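Common to both upcoming complexes is chain A, partnered first by chain B, then by chain C.
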Partner chain A sequence: MPLRRLFAISSVLFLLVLAISPAKNALRSYRSLQRQYRKLASSRAHSLKSAQGYEARPVAIQQIWLRDFENRVDRCTTCHLGVADPLMAGAPRPFDLHPGTPHTPGGFDRFGCTSCHGGQGLATTQPDAHGSSVDAGPPMTPPVFIEAGCGRCHLSDSVAGAPVLSRGRALIARAGCYACHAVRGQDAFRSEAPPLATLPLKTGGAWVKRWLKDPKSVDPNATMPNFHLTDQAIDELSHFLFAAQVPKELAGRIEAAAAEPPGSSANGKKLVSESRCITCHTVEGKGKGSAPELSKIASTASRGWLLAFLREPQAFNPRTAMPRYHFSETESRDVVAFLEDEFRDFDAPKDILEPLRVNQSLAENGRKLFRLYGCFSCHDPAGSGSEKFGPELDGIGDKRAQSLDFGRRTDLVRALPAWLAAKLESPRSFADGLKMPSYGFNADDSRAVTTALLALGAQGVPDRYRYAPPQKPALLPGGPVGSLIQSYRCLSCHQIGDRGADVSTAPLTYEGSKVKRDWLVDYLVLSYTLRPILEERMPVLRMPREDATQLADALESFYVDPSILADPFAGRPASDADPAEGQRLYVGLGCRGCHILGSSGGYYGPPLTEAGKRLKPGWTYAWLKGPQRWRADVRCPDYGLSDTDALRLAAYLETLVPVAPSAKPEKAARGVR
Partner chain B sequence: MRIRAAALALVALLTVPAACTRKSAPAGAKTPAAAKTPVVPPPLRYEVRLGKVTFTHYCQTCHGESGAGDGFNAFNLDPHPRDLSDPQFQKKKSDAELADAIQRGGAGVGLSALMPPWGHTLSARQIDELVLYLRTLPALRKPST
Partner chain C sequence: MADWLRGSAVYRSIVRHGTADTNRNRSLVIFENLFLHVHPVKVREKTLRFSHTYWLGGVTLVSSLVLIATGILLMFYYHPSVPQAYRDMKELNYVVDNGLFLRNLHRWAAHLMVFGAFLHMLRVFYHRAYRPPRQFNWVVGIILLILTLFLSYTGYLLPWDQLAFWGVSVGTNMAKEAPLVGEGIRFLLLGGNVVSENALLRFYVLHCVVLPVALLLFLSVHIWRIRKDGGVQGPPSDVDDPRPEESA
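Coming up: the complex of A and B.
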């Protein structure tokens, strides 16, 4: 009898064990969520029929099959049931409508959820799907870094609609991260850091030591990070730097310049303000700050070096963005005399520019440190070979937290974003002997850089979803014109094809179709402010007229766009195209809100007072037919003008020529400030 | 017999917890210093943030950062740009009216032509986002004005 009883009990137990698995499934939280959703949605429904439709929906796992993304399956919509349902706008999580983005609601079927948000699409419980349980795969990207998702496919430096990502990518390039860390597509990156060969004749031991201690305390614009060196290491590195062999030719230039008689400081002051140095440099913090602060430059560099550098910057640093100014011998002396008089650190010790007497054994230790800290990555990239100094960053965005070395940082959340942010903030805090310097990013910068790093994922993105901007031919000429473009560093501010920086907002790719040659020659010889709202102005490069002519001719012949008509008036004079009606349009459309014409108008767009002297009518016409075609982010609105009206306006602008030749444009531009 | 039954029961009891494991695993070092992460919840909804980007890019020069009509270019304009942060003005205008004025410009709705029409430049969706952002402006208004 007891045997039977025991058998009965054990059978019941066995059945119970068997029932666990189906019971677990029946009790899954998504089931109750789906029932809640049915109730909520049917209460929000506008018609009985749609309410019944919601009621009739079976409780089941929902999924999106991402055929293009490695056949992944996203089951997020099992709980997030209302993401594509406009009825659910403002409903509580997880039932709410997904905000409208460029890919939603239209792209749910193609992109699913995980291609932007990360996380584990296949899981059906919240901890597994969101990645908060330890044995789940990489977790979801936290919402503050969501633009990292955009960056997985959108590979260009600047991504429209993703300002944080774009800013992060710009910061990474400016900080020079690519010099030490390999990232796909950034192999061509070269730091602008100066070669150090002429340092012994440029500055003094005291200055170098200050700089190595904390570059940003010497110059707030410094891109060089803080390496947290000990005083001994600083001493050894300084001795190494002063032991460098200065190339004979440059040493000769510096010494000859140092022996020249002093110039006129008063004239130098005038030249400095005319040359618009603060387009790139700052003076006591005023200016854009892409180049070094100038207010203490005479306590940074010796007179001879300054003079020789100013005459040909690119001989000293082939990677510099600084153009060559055509000052005469006397003028450059005047400029340096002014810098020596005014731009000096009056609190600095007297010997700040005294060269260091080199101790060979200290210098030898310094040489080792120079290698140890990877200084060559920025300062002497040719000497570093092909291998990068730091670990590669590709795929870092999909690293699992378990594979990261948190070292001493037990205070951190065990998650990739927190690890990255801490690496950026205090890279040496993880363990002893780490070499990465600190960049002094503020909270916003750090968030942007972390976003850009999280975008460097390893997960498969199909090639046809990767978007890099189409490569436009660079169209860079060789020969004498090429060397002019090089020496005036046009590409430091202007774009040609896909090369160059976009400081000026005016690419030169189709400059020949845009402006009239004679105007361009005059402008290159004596440039003036075209767009007063921009802080960066075209510097007065003191270009000789023959250089200006040669450049203008090259732009006129090569940098043209075939879709811009050379003569939109088809052989007839502009006056046939009804410029009077064009003028009425000019007033009626409100163009004067942004453009100066004569004595009135806004300060936004370029002044049009002498538009007929500057712009080609074919360009004006093409521009008016759709400004955004020429520059996607331009603020000049597309008025949707008819061909006739655009032609009338072009004809009107063509009639706007200076009445009597005078220095009027420059005056108008000055009056603006 | 008894031993066998006990063994059976034991096996049964052992399978129960085994079938129930794989809960969310120990949270580890999750709790300390959660405040250290740079995670700050975004104050604006996504669409509104997009609207703000559009506003900053296209409108701010005249209408000003806070929409008060005091942008860099405002003093060149006669009439001055509208104070968009004025709660009275916002109450008077429906979303559709605001979107229409942005789309067709001042001249399109019988006001000054200095406000250009944006219908060919911005998409309908961008304009809707812009309106959403405009609606947040009165709340950002400084109490002094």
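Coming up: the complex of A and C.
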């Protein structure tokens, strides 16, 4: 009967069709890879037993299950079988050993693979796992941005072992991205851009127009980006800026200063070099560059403004990093006279500092532009309200390429890193009417910033994986000492607890336990170079002795670490701890390789000629017991000294005091400078 | 050996009527079987022809059986919770043996069932099979169509991907627009005011328990009624009611 035959044939056909799925199942690519691996590994094995062990491995999906890390399951090891096997060093992909990192090979079970590399851990096929197939899970982070993975857990600004990420974070902070873009944990971010209230008395219309055209061409250290404004927009904005009301008090100071008689340029030159301005500023490119270039400063700011600013910078910009130098009236005139003579743009037009005659209708248009471009985000954060000007950046690192607007940039690879890099390099190229300015990042910069942005995941990692360096409480006193610390801007270079910039190698958190008070007073009054090889040096702030005493007393009583013994010799005189043996140790351990003592020694560490006058023995002892405890990156070796030996050395250093103002230590000290 | 087996008490207790090809025996097989007795004892050969019904009801029935079978298997691998639901899709895709096949079979069978049900209804409509004595079965059929659509819709949310999430957001917002009871229906469906874990659980229970049970119930009635109403009705044979165009 034909119907029955048809039924029989179609049943057989249907069975065959059903067999396709189990067949595909049996021929999955990881299975043949695992068989290849067995062969390769057993041929590399050193013993018969281990070769047999490799041969006996079942063909099966391998996975790392991280129950407390978002319940992650990473099956990458199904194909990457040799990642933790030293035997597979140099083997072909995907069987090779993972390169050594702080978390591998020890941390596979704790971190898995996708926590650093991204990609889809659940997948068992290469295109899906790596994210190269359409509609697969999140793609892997390209190797050049791999440090983005570090940044998911390591939240501090600077991450040891991740230089690109750290650089990216530093660049983001310096460029002030968070002023416009909201990111979790950065709500308190404030740009260091100056308030613009005194601008009409500071500079001229021509200069402002030059600056708005391209800030970096005026000052290479400028952090302000280029907004690519049209000449008309520049004109309108300039009129708006010059229409600002200068606060009466500051205007009075500037005008009074402008009327003062000129000072002595020669003395000014001496003062400038003594004050070590280039610890922060640059002069023709030389210096640290965290503050404006000075070589054309006299063609940027009027004499009156410079003088008034120098006398009290914080009155002009409460957020400035610039400390207040205690120059006398005459001395400050001398400094400005020197700046006026030498640090001038001789090619600039004569009227560069001529104030602009304000046209009200242009100024009104300028006001609109000021809002349109979000200038207020940096220059007047208080006026910006709670809403951030730009789109928020939280979770940008987990954005899928499909949800990004590539606009006109059809030339780009449809991937998040390429999109980010292009956004950083030429933000306006995506569509008309975009407002983001360009920051002049070079390829390295944009790679670093992209890395830092890719680290901004949509969800925070679990607490157990989040790593921020332990919080050190910042003790910032109020009252007169607090205002001294404010006025001298100690935190621009020194750290107190977690506050302050990491420029100086000497955090002030436990300074009171470290140095002797009398030395500190002298040092504050006239600081000298302790570490000759560092570029950043303590500026000579011309601090009056009473200020220095007050600060030193405060450091002595507040900034102490209870774990540093005040008297390691337990009441007995230091000489009982056998300083002679300490001296023998000093020579034996090779301390002089880095430290100057008398007339010889290396330049890396601070000189110890006057160690007994400078350092407290309790500190010396605590330091010697483990230098890295105080700062992870110090190069002073941890010799693992016994208590007795550390005490002996501390006792020896305690004997190193200038006996009398004799010639020898004096000469050594000069050598140090 | 085969004879011994056929003669054994166990075999005879299961296969009571042998395989004899007589009309009486065939009728007995149908009568005495719980599952087959809803089926007409006799089927005219004419009604089995493809052009008679286009087998559309049968296609729908078979795909619903496939859906039940694959659905039960899928339930072994699925947790109606966030975010495990979506991960279970991935597990089916990447780890479960034949998991992708299972899931795709379920999905395609579901499409086929909805499509088949629609065509079946159209066929019945154009063949005027909704008229007495089949008017009751037509109404049962409409209930079955609605149940099928609800099954299809509740299954849509279960993968918990973007498509599912927004599909259900849109769908429940449409329900909200119903006058007076709209808000209430939406709240009831979602177990809250947004598409959340509660909605997932509700849709899961509806999809795997409530709706299939209702479907099976009405399906039995539907098939039973076919027999009671005199078997399937093919194209109407009367030619006394030609369509206007044909008469013109």
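Heads up, the rule we're going with is that the second predicted complex is superposed on the first by the 645 of 673 C-alpha atoms of A that agree within 3 Å, B and C clash if a C-alpha of one lies under 4 Å from a C-alpha of the other, contacts with A are read in each partner's own complex, and residues count from 1 in each chain.
Here is the rule we go by: a residue touches a chain if its C-beta (ideal position, glycine included) is under 8 Å from a C-beta of that chain, and two chains touch if they have at least 3 such contacts.
The structure presented is a predicted model; accordingly, all values stated were derived computationally and were not measured.
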Which superposed partner A:21 touches (first chain B, second chain C, both, neither): both
Partner chain(s) touched by A:182 [first = chain B, second = chain C, both, neither]: neither
Which of chain B and chain C A:122 touches, first, second, both or neither: second
Which superposed partner A:59 touches (first chain B, second chain C, both, neither): neither
Contacts of A:144 with chain B and chain C, given as first, second, both or neither: first
More chain A residues in contact [chain B versus chain C]: B
Which superposed partner A:13 touches (first chain B, second chain C, both, neither): first
Partner chain(s) touched by A:87 [first = chain B, second = chain C, both, neither]: neither
First, second, both or neither for A:476, with chain B first and chain C second: neither
First, second, both or neither for A:51, with chain B first and chain C second: neither
Contacts on chain A seen with chain B and repeated with chain C across the two complexes: 21, 24
Footprint of chain C on chain A - complex, ascending: 21-22, 24-25, 61, 75, 120, 122-125, 128, 137
Of chain A, residues touching chain B in the complex: 2-3, 6-7, 9-10, 13-14, 16-17, 20-21, 24, 99-101, 127, 132-135, 142-144, 161, 163, 410-415, 417-418, 421-422, 443, 446-447, 450, 533, 587-590, 592-594, 600-604, 628, 633, 635, 637-640
Chain B - residues contacting chain A, complex: 1-2, 5, 8-9, 12-13, 15-16, 19-20, 22, 24-26, 28-30, 32-34, 36-42, 45-47, 50, 53, 57-58, 61-62, 72-73, 76-77, 105-107, 112-121, 125
Chain A partner contacts - residues on chain C that touch it in the complex: 87, 90-91, 93-95, 97-98, 100-101
